[in-house]
Every structure is written in C-alpha cells, then in structure tokens.
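Pasting the structures here.
Shared chain: chain A. Partners: chain B in the first complex, chain C in the second.
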Partner chain A sequence: MSHRTFVWICLLPLVVVTIAFFLLPIAQLVVVGATGPRGLSAYLAILTEPRYRATMINTVVLAAATTIATLVIATIAGLFLQRHRFPGRAVLIAMLTFPLAFPGVVVGFLIILLAGRQGLIGAISNAVSGEKIVFAYSIFGLFLGYLYFSIPRVILTIMAAVQKLDVGLEEAARSLGASPWAVQRDVVLPALGPAFVASGAIAFATAMGAFGTAFTLATNIDVLPMLIYTEFTLAANFSISAALSIGLGVIAWAILALARSFSGGAVAAAG
Partner chain B sequence: MSAIAGHGAAVHIERCGKTFPDGTQALAPASLDIVSGETLVLLGPSGCGKTTMLRIIAGLEQPDAGGRVLFDTNDMTPVPIEQRNVGMVFQSYALFPNMSVSDNIGYGLKIRGIDAKARAARIKEMVALTNIGGLEDRRIDQLSGGQRQRVALARAVAIRPRVLLLDEPLTALDASLRDRLRGELNRLLRSLGITTIYVTHDQAEAMELGDRIVVMRKGAIAQIGTPREIYFTPQSRFVAEFVGAANIVEGPVIGRRLMLTGGSLALQEAADIAAAVAMIRPETIRIVGQGDASLTGIIDSVSFIGDRLRLVVTGAAEKPLVVDAPNTIVAGIGDHVGLSVAPEAIRLLPRED
Partner chain C sequence: MRDRLIFLGQLGFTLLVAAFLVVPVILSLSAGVTVNYFRGIQSGITLQWVRQVWELYAGEIFLSFVIAIATLVVTLVVGVPAAYALHVRGGKLSRVIEEIITLPLAIPGLAIALALLLTYGGFGSFRRSWLFILAGHVIFTMPFMVRSVMAVFASIDIKTLDEGAASLGASPWRRFRNVIVPNAMPGILAGSLMVVTLSLGEFNLTWMLHTPLTKTLPVGLADAYASMRLEVASAYTLIFFVMIVPLLVAMQMFADEGQKR
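Up next is the complex of A and B:
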C-alpha cells in the first residue's frame, strides 16, 4: 500500500461523516428553502418582508452589542485577573467561568429571577421608589443573558493571550516614556488583537444562534432563532424557516470572515 | 551625530538592595558610582543580581528601603521609568510587532509629542547611525536577529536618553554575528558618549565594551575595576576563574618562592604563607628547556587551536596546568618540559575555605 493510499484510507471515515451529517443536511436545507410555495424568492423574502428583515437586523445588532460589551468587560477583567495575585482569585475565576455549564434556559431563568416581574431588581426598586423596574422580557434582558454566557467564553481566551504577552514590550514602551494608558493603547491592545477576533467571533456566533435564553424570556422580542422556531413549528412554513436558517448561517459566517480580514495584519504581526 | 552625543548623566547608586516578597535577597545593598559618559559593564553568572541592579537603575524595580538612585544630583528613586528618560535595550529586543521599523524607532519621540517632521529627521539620523538603511518600512517579523538588535538600539538612543541600559543585547545572536556587532556597538557607544550600563554574562563582551567592569556574584559586587585590573589583578578566586582562563595553584610560600609539586616559582615580593593560593594565566607560562627551569612537568595533551597551542602539563602543580604556547613550538605528549613564569604574572589570592 502506498503512503498516499494509506492517508486516503485514514481520511475516509472523516469524509463519510462530513458528507452524511454535514454537507447533505445543509444541501437539503438549501433545497427546502427553494422549493416552498414561493420558490427561490423565499430567500429574497427574508430581506424584503419587513418582519423578517427587522428580526434579522435586531439579531445582528444584539449579537454585535453583546460581542462588543463582552470584549470590553472580559478584557479589563482578564488583564486584571492574569496580572494580579490575591486571595480568592481562583474562586473568582471559577465563578466567572461557571456559566459555561449552564444551558440557555437556565441563563434565561436567572435573568427572570434578577429583573423579571418577581425579580430582585423589581423588588428593590419597588421598595426604594415605589416603581417596579422590570426589563427581563425586553431586548435588554436578552442582552444581559447573552452577556452572561459570552463573558466566560471570552475571558478565558483573553487570559491565555495576556499570559503569553511579552512583559518586555510593556517595559520597553514605558522606558520610551509611555504612560500606563499609552502602553495599553499602543502595545497591549494591539497584541491582544488576534485573541479579540477569535473570542469575539465565538461570542458573536453564539449570540446570533442562541435559542434557549431567547425562548425562556421570549415575550416581545423577535430574534432570528425564535423566528425560525415559530415559522417551523407553529406556521409549518418549512421553506421560509429553511431560508432563514441559511440566512443566519451566511450572516454569521460573513461577519466572522470580515473580522478576520480586518485583523489580518494584526494576526500576522503577532505571529 | 553630535546632536545626540555627550549628554549622559552621572549615576549614583546608594545602598541599593533588593529582597523579593518571598524573602530571597536578589541583591545585597550595594553602592556604585558611574561617571558621566562612561560604559560600565555588570558581569556575572546568571542569578548574580546584575539584571536586578539594571532594573533598579531603570526604575523597573524599586530598591529596598534606604536605597537611592541618583542621576547627577536628582534623586530618581521615586520617579517611574517613563519619566526617567532612560534608553533600554532588552535581551528579547521587545520591538513592537504592530509597528514598522521606523515607527518603532520613532515611538518614544511620538510619545514626547515631537512633530512628524522633526521625528522623521531623527529617525533618519538613527537609521544611518545604526546602519539599517532600506529597512524603514519593514515589519519586525521580516527582520533578522542582527537587524532587530540594531533597531532596538536605534529606538533606545533616539530619545536622547540620559542613561542607556543594555540587558544582554547580544546574547540572542549566533557567535560570529555577536563578535561583529560587539565591535560595532563599541564604536557606537564611544561616539555617543552616553552613560551606558551594560549587563552581560560574557566576559569577552565585558572586556571589549567596558570602561570599567563590575563583577558580581550571588547578589553582591565581587570586584570593580578596569578590564585590565579585573584580568591581571583579580581579588578573588571567583573573579580570576570567571574572567578569562586561569590556573589556580596551591602551595606554601617560603621566602620569595611559591613551592609547587614540580619545583618552585619566583614571586615579586617575599612572604611567608603556609598554604597560599595563586592564579597564573595560561598565556603567561612559557615552555623552556628542562635544564634551566625551576619548575618542570610532563605534557599530558596538546590541542592545536590555530593561533596557539593549548597544552595541559601534569606534575608541575597538584592539578594539571593549562599552558597557551605559541603555535610554532614543537611539543609531544609525554615530553618533559620546563616552565617559566614572570614573577609579576603570579597573583596571590586570598584563601576561601
């Protein structure tokens, strides 16, 4: 058996699995999207139909906001946690990464407990000002829930990247007269660029497709996964839900590709 | 070049020690005066405290209470590194990967708010000074080790520092490049006239670059002196063995003679020591005819090194003696030879038991 043949035989299981469980279902999804009552225009409908379009924009804006907020919080926290040693640090890191274990439903439940009609914030604001603040069922509640499960994913990546930073770079910048702010701006943040792209991409894709939290909180917010669910199960609108699924995938993929191309220089330079 | 040259500060280190939070003492309190424009080399094996000393001068470490660092007459101890105006070159070079070569060189100027035109002029000057013309727009990962070293130096010098601090700047390079850059660096430092503190574990580098050398060991200063003083008149066995090759011989001194197993050697001064320790450099031992020599031995091995012959002679002292002989002499293993050493080349050292 030649070396080449051997490699192909080893690859065969992967090829089979990829085709059977990945390529075929996606192809089927594409076909289903194009063979409904509207035909190919189902794909167009996700852009032209106001309800679908608004949901699409909502979802992208929400996912982008979640990603940015997560990156800001996780970078500050990650830098601090990696650079300082204090009692309780390990416990704090464990707590911050704990939500990784929660399904979206539990996260949604936590948000309701915090800011729902019987929630903690409502009770406190009621006692203080006589007005009950409830935002769990709004887009802000959803944002908070997404933040909650995005931060652990991002913070671990950032901490690993901070650990690999060459402390000499910061010392060199300081020796050249850079203030602590300038060091962060000119040295630390650019060096963390690849980590921002990698972890931000995961946060964005997760927020785009998150279903459990949205489903638990779902009241007056429409996000794409919810729309797909309702079109599919309630309206039995197979072709539109298939088209929306493809749309969701394409948007997530396109934004990731965009982020990667923007950070191209930074990624190469850090290598 | 004249615009950059000659503005070095004198550095005074007063009782600076460093104890880390876990209780280990990296540096015993030490004082040191560095003259304006001087190149001072901190030399020693790893863990001797030389880098800690450099970092205290830079402002990257605070000395233990009671220690002070002065530039000229200004107490810099409480001043953070970003306000000390020191140029620093790191062993890893620590060049900013997200900036081009000229942005790296110009970074300190940009931070100081110097306008783009003046900055470009200074960058050009630095590029010429360090011989890196044509690389200005390159990214750092497109540079070789030697080029990175030059960029790091250009970046440190561009800000016209009061003190230039170099932490093993040549260690990461391969041997032949290191030798060449050492010569270049030497000429550059001489022409700049900036007060320079240079950390290295390489005694050849220390010899070539230093106006004075501070040999350090286990967090303390072992000896301070010019390269000649350090080489010819070491004050301890450690310095003798760390700097250059050294034969350490032991035996009693009677009258003006050092008594060894294979005979005796004349000393400069008379003394009476029951068990003396002395250093003899290999190149100061001459191979002479057996007849008129006061010390004899047997050649144990001969290595041809090119510019000289390195012989190992047994039987002369308790331990085999290393002798550097001219490459023209004829010597064979097993030959009985006489050895002669000028009295001034024998350096008595204090016993360390």
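Up next is the complex of A and C:
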C-alpha cells in the first residue's frame, strides 16, 4: 500500500462521519427553512417579523452587554493576577478558572441559588431591608449566568496575553514621564487588543447561542435560542425554527470568523 | 501608599469576582447535604438526597458514561488518523476539511440538533436509540480531538520521523502504530479528557435529541431543576461536580504542563 493511499484511508472515516452527521443535516436544515409556507422569505422573517426582530435585538443587546461586562471584569482581574505575586495567588486563579467547563444548565441552577426564590441575595436583602430581591428568572438572571460562564474563559485568555506583553515598553513610557493611568491606557490596553477581540467574540457567540442556562432559568425569557426551541417543540413550526437557527448559526460563525481574521488565533464558542 | 491602595482595590475586586464564581457552588454543595435548605444547615446534615438522586437517576448517569466512552472511542478511531492525514497532506483541501469539522464549535448546538432531527427523525429505531445522541456528541467533540492531536504534530516535526521510519522499510500501518501514535500521545490524552468532559456535560444538543428512554445526566439535571425540591436538585449537582471536577483539574494540569514545555 502506498503512502498516499494510506493517508486517504486515514482521512476517509472523518469525511464520511462529517458528511453523514453534519453536512447533510445542515443542508437539510437549509432546505426545510426555505420550503415552509413562507418559502425563502422565512430567512428574512428574523428581520421583517416584528416579534422575531424584537427577540433578535434582545439577544444581541444581551450578548453585547455580557461581552463588555466580561471583558472589563476579566481585564481588571487578569492584569492584577499576572502582575502581582502574593500568597494565595494560585488558589485565587484556580477559583476563577475552575467553572470553565460547567454546562449551561448547571450555571442556570447556580444563578437560581444566588438570585432565585430561595436564593442568597434574596435572603440577605430580606434581612437587611425586609424586601426580597429575586431576579434569577429574568433577563438579568440570564445576564448573570452568561457572565458566570464567560469570566473563566476570558480571564485565561487575558492572563496569557498579559504574560506575553513586553514589559520594556511600559518602562519606556514610564521613564518618559507617563502617569500610571496613561501607561495602562496608551500601552497596555492597546497591546491586549487581539486578546480582547478573540475572547470577546467567544463570549458574544456563546451568549447568542447558548440554550441550557436560559432553559433552566425560565422558558419565557425572550432570546433567540428559546424562540427557536418553542417554535420547534411547542408550535411545531419546523421551517421557521430551521430558518431562525440557520440565521443564528450564521451570525455566531461570522462573529468568530471575523475575530479570527483580526486576531489570527483559533477562536471557538462553547455552550 | 497610592500603589498600596491600588493593589488592595484590585485584590478586593478580584476576590469579589472569585466569590461570585465560588459561593453558588458552595451553596449548591451544602444544599445537597442539608436536611432542609430553607431552615439552613442547623436542620442537620444528611445523605438522603444523594441516595434519592441515585435511586431516581442512576440510569441517566450510567447512560452518560456509556455515551461519553463511546464518543471517546469514535473520536479516537476516526479523529487521530484524520489528524495525521490532515497534517501530512497539508494543502488547501486539508485546510477546508479542518475548517468544516471546526464549524460545530461556532454553530449553536440547538441548530445542529434541529438539523439532525429533521434529517434522521424519520429513521425510527436510530432516532429512538442512544446512538442518535452519540452522533451529535461525536460531531460536537471531534474538532477538539483532531485539533489537539494536530497541535502536537505541528510542534514535533512528525514528517521527518515518519520519513525516517519509512526509509527503514516500515509499512505505513506500522509507522502509524509505532511512530505516529506514541509521539502524538500528549495531544491524544489532552483531547480525550476534553472529549469526555464535554460529552458528560453536553446539554444543548442532547436535550433536543433525547427520548424518554435515552436521558443523559444533564437531561436528568434539567428535569430535577424543573420538578424536584431544591435539595434533590442540589444533590444531583453535587454528584455531577464529583464526576466532572477531577476531569477539569486533570485538564488544567495538562494545560500547565503544555505551557512549561
């Protein structure tokens, strides 16, 4: 057997599995989306139908808010952890990164324990002011859940980027008389740009498409994945749910591809 | 003095973030072993909820392990040779294939699940068996295995090793077994940990693909969150943590090791 043949044999199973369980199904999804009662215009429904458009805007705003908040939090914490050595630092890093692979459903439950009807925040606010604060089952709960989900991932990326920064540049800026804030603003933050884009895109795409957290918190939170789910299972509206999920997939993919072409690294969402 | 204040401010902030991540986990662990969460830990510590979860959901937990192991076997058998082929072939086609198998990382699981349902929903016996969930998990985890192995190949000049063995007259299969796989081991192990961890926790796809007879651990979790008392839901989460945290720790150790090399 020649080397060439062997290489093809190595590749063949992957090609078969990918075609059978990914490419064919996605093609079928595209076809179903286009052959409902609305025809091809189902693909525009996400923009033209007011109800779907409102959900779409909701989802994008939520994802953008999650991304910005996560980046701010992770940058402050990541810079701090990478720039200082103190006792307990390793434990702190472990605490900030261990929820990395918690599934969305579990994150949803943790948010319920924090801000749900029997939650910690409600208990504390009840003891302090006599009023029980409960917001787990709303879009704020979902925002908190996505923060929980994204912070570990983004902190890791930012810490790795800070480690690669050239400390000489900061020293040069300081020796030229720049204030600490000016050094952060003009030297450190711009140098972290690619890391912001890469990790921000992951946070954004994840918050757009994640389903488990929203599902655990409440089925009536108005975001795109929940809309697709209810259209498919409750309304049995196959063509619209197919078209909407194609739209969602294209948006998530485009954000990640854009970020990758900008930052040059491998970028992937997780759910 | 000012530096000290900035340091303390940042430390305080970072501790707050850590508390946000850790406190809910502690709440969940303690609720799982508390007699009555509403009355607090004073009501006593018990394992009755853990036992109850085991009685109710042992089947789900067992099926999750079966699917995770099966996903691992398929991604190993299919993914490792493919990573080798993609690396030595190089060229445009290989890049396109790599790009395509990486798409499931960008496309939400919900969309992939709908696609599988709309395509294979009519194949009754396949749709009803756990193999249907396996198909979804394989598609979702494959890129992690392939890329993790390819990353190792990129760092150790596998082509020279391969050609050296070939010039000594070793057959392609023998080279693959005795040269390629041993050298790819760090990537295979890291990829395997990732695949098992992801498969055990996968919900987005699985929730759509499962049937009443093919429920996995996370599907059971969602079920418990929706319909069981808080203590039972917490005990179930506790069991999940006990299973998943060692895998996460091992993965983190691997990543640290990789950084040192």
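Simple rule for what comes next: the second predicted complex is superposed on the first by the 227 of 271 C-alpha atoms of A that agree within 3 Å, B and C clash if a C-alpha of one lies under 4 Å from a C-alpha of the other, contacts with A are read in each partner's own complex, and residues count from 1 in each chain.
The rule is simple: a contact is a pair of C-beta atoms (placed from the backbone, for glycine too) under 8 Å apart; a residue touches a chain by one contact, two chains touch by 3 or more.
Note that the coordinates shown come from a computational prediction; the quantities given were computed from them, not determined experimentally.
Asks: Spot which of chain B and chain C makes contact with more residues of chain A, would you?
Replies: Between chain B and chain C, the winner on chain A residue contacts is C.
Asks: Could you say whether A:G212 touches chain B, chain C, both of them, or neither, answering first, second, both or neither?
Replies: The answer is second: A:G212 touches chain C but not chain B.
Asks: By the touch definition at the top of the document, which applies to A:I151: first (chain B), second (chain C), both, or neither?
Replies: second
Asks: Just chain B (first), just chain C (second), both, or neither: which does A:A191 touch?
Replies: Once the two structures are laid over each other on A, A:A191 reaches chain B alone.
Asks: Kindly classify A:A173 by the partners it touches after superposition: chain B alone (first), chain C alone (second), both, or neither?
Replies: A:A173 contacts chain B only, not chain C.
Asks: So, A:V17: does it touch chain B (first), chain C (second), both, or neither?
Replies: second
Asks: Could you say whether A:F262 touches chain B, chain C, both of them, or neither, answering first, second, both or neither?
Replies: Neither chain B nor chain C is touched by A:F262.
Asks: Need the overlap of the two footprints on chain A, from chain B and from chain C, as residue ranges.
Replies: Shared contact residues on chain A: 266, 268-271.
Asks: Which chain A residues qualify as touching chain C in the complex?
Replies: 1, 3, 6-11, 13-15, 17-18, 21-26, 28-29, 32, 73, 76-77, 79-81, 84, 86, 92, 94-106, 108-114, 118, 120, 147-148, 151-152, 180, 205, 208-212, 215-216, 225, 228-229, 232, 238, 241-242, 245-246, 248-249, 252-253, 256-257, 266, 268-271
Asks: Would you mind writing out the residues of chain A in touch with chain B in their complex?
Replies: Touch residues, chain A against chain B: 166, 168-169, 171-179, 182, 186-187, 190-191, 193, 265-266, 268-271.
Asks: Chain A touches which residues of chain B in the complex?
Replies: 58, 60, 80-83, 85-88, 90, 92, 94-98, 107-108, 111-112, 139-141, 155-156, 159, 165
Asks: Where on chain C does chain A make contact in their complex?
Replies: Against chain A, the touching part of chain C is residues 6-7, 10-11, 13-15, 17-18, 20-25, 27-28, 31, 37-38, 74, 77-79, 81-82, 84-86, 88-89, 97, 100-112, 114-116, 118-120, 135-136, 138-139, 142-143, 146-147, 166, 171-173, 176, 197-198, 201-204, 207-208, 218, 221-222, 225-226, 230, 233-234, 237, 240, 244-245, 247-249, 251-252.
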